[in-house]
């Protein structure tokens, strides 16, 4: 293949990496806005989200153009499919980050319900999963992808536990309902982020190995 | 507690610029300078009409592809541009005009020889002359009367470099052109065509007789050439049109059905006939 | 467990038998041709060789090849049978003091065929040159320039018909046009022929060229034309269209394209046609009988005052000489010697010219390989 068409493929990868960088940043800003109780960070997240949305459109446009004009096969074909799906997942993660930022802004108007321990722990795992899935994409490392999928369970279990805890808060003291619900939403959003990171890992595995490992329960057993 | 504040791998600037979104697709790029303008052209072979009311503006310094099923008139139109159809007794132009550099090429003032020097052609079956590689390339200059050895040497090197063939043949310039492989022969024909410095290069299915590797070399060459020349390529191979061209024109039964940017034609053609053809539903 | 039956075993059938019979017929026909050719060539080589070769040095009968024909005198002198040519006999009689010796004379049975050799070679070379020039030009016009239409179809029909014209008719045509009618530029007015004054005291007299080389050349050229035109056209057609298109697309004029990119590669084929033409032209007697050949001529064509007059000289020719020796005079053992000798020399010359043409063609093919 000549350099000319390689450039087009390289551009798709670059745009994906750009999008993943912006998404990671937005997620991290949203968490900081929550923990440091900083509304300005939350505003930044909402503003930057539109960029990420535009990138999703742009990447899809590049993908369909390349597919239509070059008719790629084999790995290039899988790259097209996975690029589109990864960008979709990244966009959803960014949307979740926006949701976290909005909830954080509301939470910042009231004092803390309880010290934030579980949520930052979940967030750290989820962010690691996202970062590692992008690393797996860049490095072409399907083994790392499998490992990522296994971590999803821990996030799910923290989420369940937190839901139980917050439910008991709400039952004991109805005045805490607003804050508890907001925290539940934040936890749910982080759990969704982990799910999307898992999806990205599955796509990376498919890209490199050509095997579809979505919905494989056995892979999610580990911790 | 601050682990989530670690920097993301890609450090986008605080105010990342809006990524470039593909510009809204225009039908035929009105802002580009036009090299070849066809206006309401009718063309006949004897009694049968090969082209019906064809109007198209081919932009300069870009690659335009003509696609369509066999017998749709794309090769006929291509050969009109350098008046190679004059060789066929029964071919004649009806209404309409073809203008190159703004001049009607069928006007009696126009010298066909000068036209053909400006509009070069590469044929489907590569036809290197049975002379040496050197003589093949200098043929176009020698018939103009240029015999200065230094000038000819320069032109040979420049053309062969331009056709990405110099490194492969520089040690055997005086061996027969027929001793080259198929792909090399076709690149030799391209070098021969660019030796006379035309402004337009017409290519009539240049890769149809070549294997995939030779084809990809020729396609790469087309990309390199397009900055300096206007290239019009007739092709049966959809993927080639998609890979190589900036604009694509779809012809059917002697009519121009659609002409637009290649990306648009291949992702969302406006005419159903175009879509049916490129997806292989007919033709 | 027996081996499976061979499904491909040879079966005899009527079709196979018929095939064998047919092939047998084809083979016999081919060998028959070979036998006939061997007989003809063998006879000429054997009998002619007796005249042309001799057993002593230089092994070739040089006088036969270098002298003009003479009358043979056979006589007895002092009990010995002697044969002498005319000049030798006269000298012999002189030596004896002018005595008259009774001798049988046989016309043309002595001397050689040198003037005939010269005449044949000149006729062949000249007519082939003219035929190739006119033929190749016509072939180029018909193949490259003419538009298909009634006129061209008519021309092709005419060429085809020309190939079927009997040689004696060509002779009459040559006689009527070249010998009796072609214009001569002379400085007097010929009262016996239509003439046109062209100024400065010169006249174009339509009195014909007379029996001469020019008339013979043109007559023979016209005989060879159909072969040359057809073969040249085939050679031009064999050159791929790609060469022409490629050169035209680079901005060559049509003639430049033909001259540099078509003709050189068609030339070998055209020269082949010349070989065929030579074969036809060299052996013809009827056309040259009326237009170029004399039965006997004592001057060589170049024994003239002005060089250009050579063109207007008649010549002797080998086929005509063989005809004359074989049919115009009584046959005997002495004439037979001359006939076969002349035939041998004639074959040799024709093959020599053809060989030269083949060699030239091979050289050109190597140079213009495609």
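Going by the order they are written in, the chains are A, B and C; count residues from 1 in each one.
Keep this in mind: a residue touches a chain if its C-beta (ideal position, glycine included) is under 8 Å from a C-beta of that chain, and two chains touch if they have at least 3 such contacts.
Bear in mind that the values here come from a model prediction, so they are computed numbers and not experimental data.
**Q** Which chain's mean C-alpha position is nearest the mean C-alpha position of the whole protein set?
**A** Per-chain C-alpha centroids ranked by distance to the global centroid put B first.
**Q** Kindly indicate the chain pair that has more C-beta pairs in contact than all others.
**A** Most contacting pair of chains: A-B.
**Q** With centres defined as the mean C-alpha position, give me the subunit B-subunit C separation in Å.
**A** Measuring from centre to centre gives 56 Å for this pair.
**Q** Roughly how many whole angstrom separate the Cα centroids of subunit A and subunit B?
**A** The separation of the two C-alpha centroids amounts to 46 Å.
**Q** How many Å are there between the centre of subunit A and the centre of subunit C, using C-alpha atoms for each centre?
**A** 98
**Q** Indicate the residues of subunit B shared as contacts by at least two other chains.
**A** none
**Q** Hey, which residues of subunit B end up touching subunit A in the complex?
**A** Those in contact with subunit A are residues 1, 3-6, 8-12, 16, 18-22, 216, 219-220, 223, 238-239, 242-243, 262-263, 266-267.
**Q** Quick check: in the complex, which residue numbers of subunit C touch subunit B?
**A** So the residues of subunit C in touch with subunit B come to 147-148, 240, 242-253, 256, 260-261, 265, 368-370.
**Q** Show me the residue ranges of subunit B that touch subunit C in the complex, using the header's touch definition.
**A** 82, 84, 87, 89, 113-114, 116-117, 120-121, 123, 125, 127-130, 139-140, 143-144, 176, 178, 189, 192-193, 196
**Q** What part of subunit A is in contact with subunit B in the complex they form?
**A** 1-2, 4-5, 15, 17-18, 20-22, 24-25, 27-28, 31-32, 35, 48, 51, 54-55, 57-58, 61-62, 64-65, 68-71, 120, 123-124, 127, 131, 134-135
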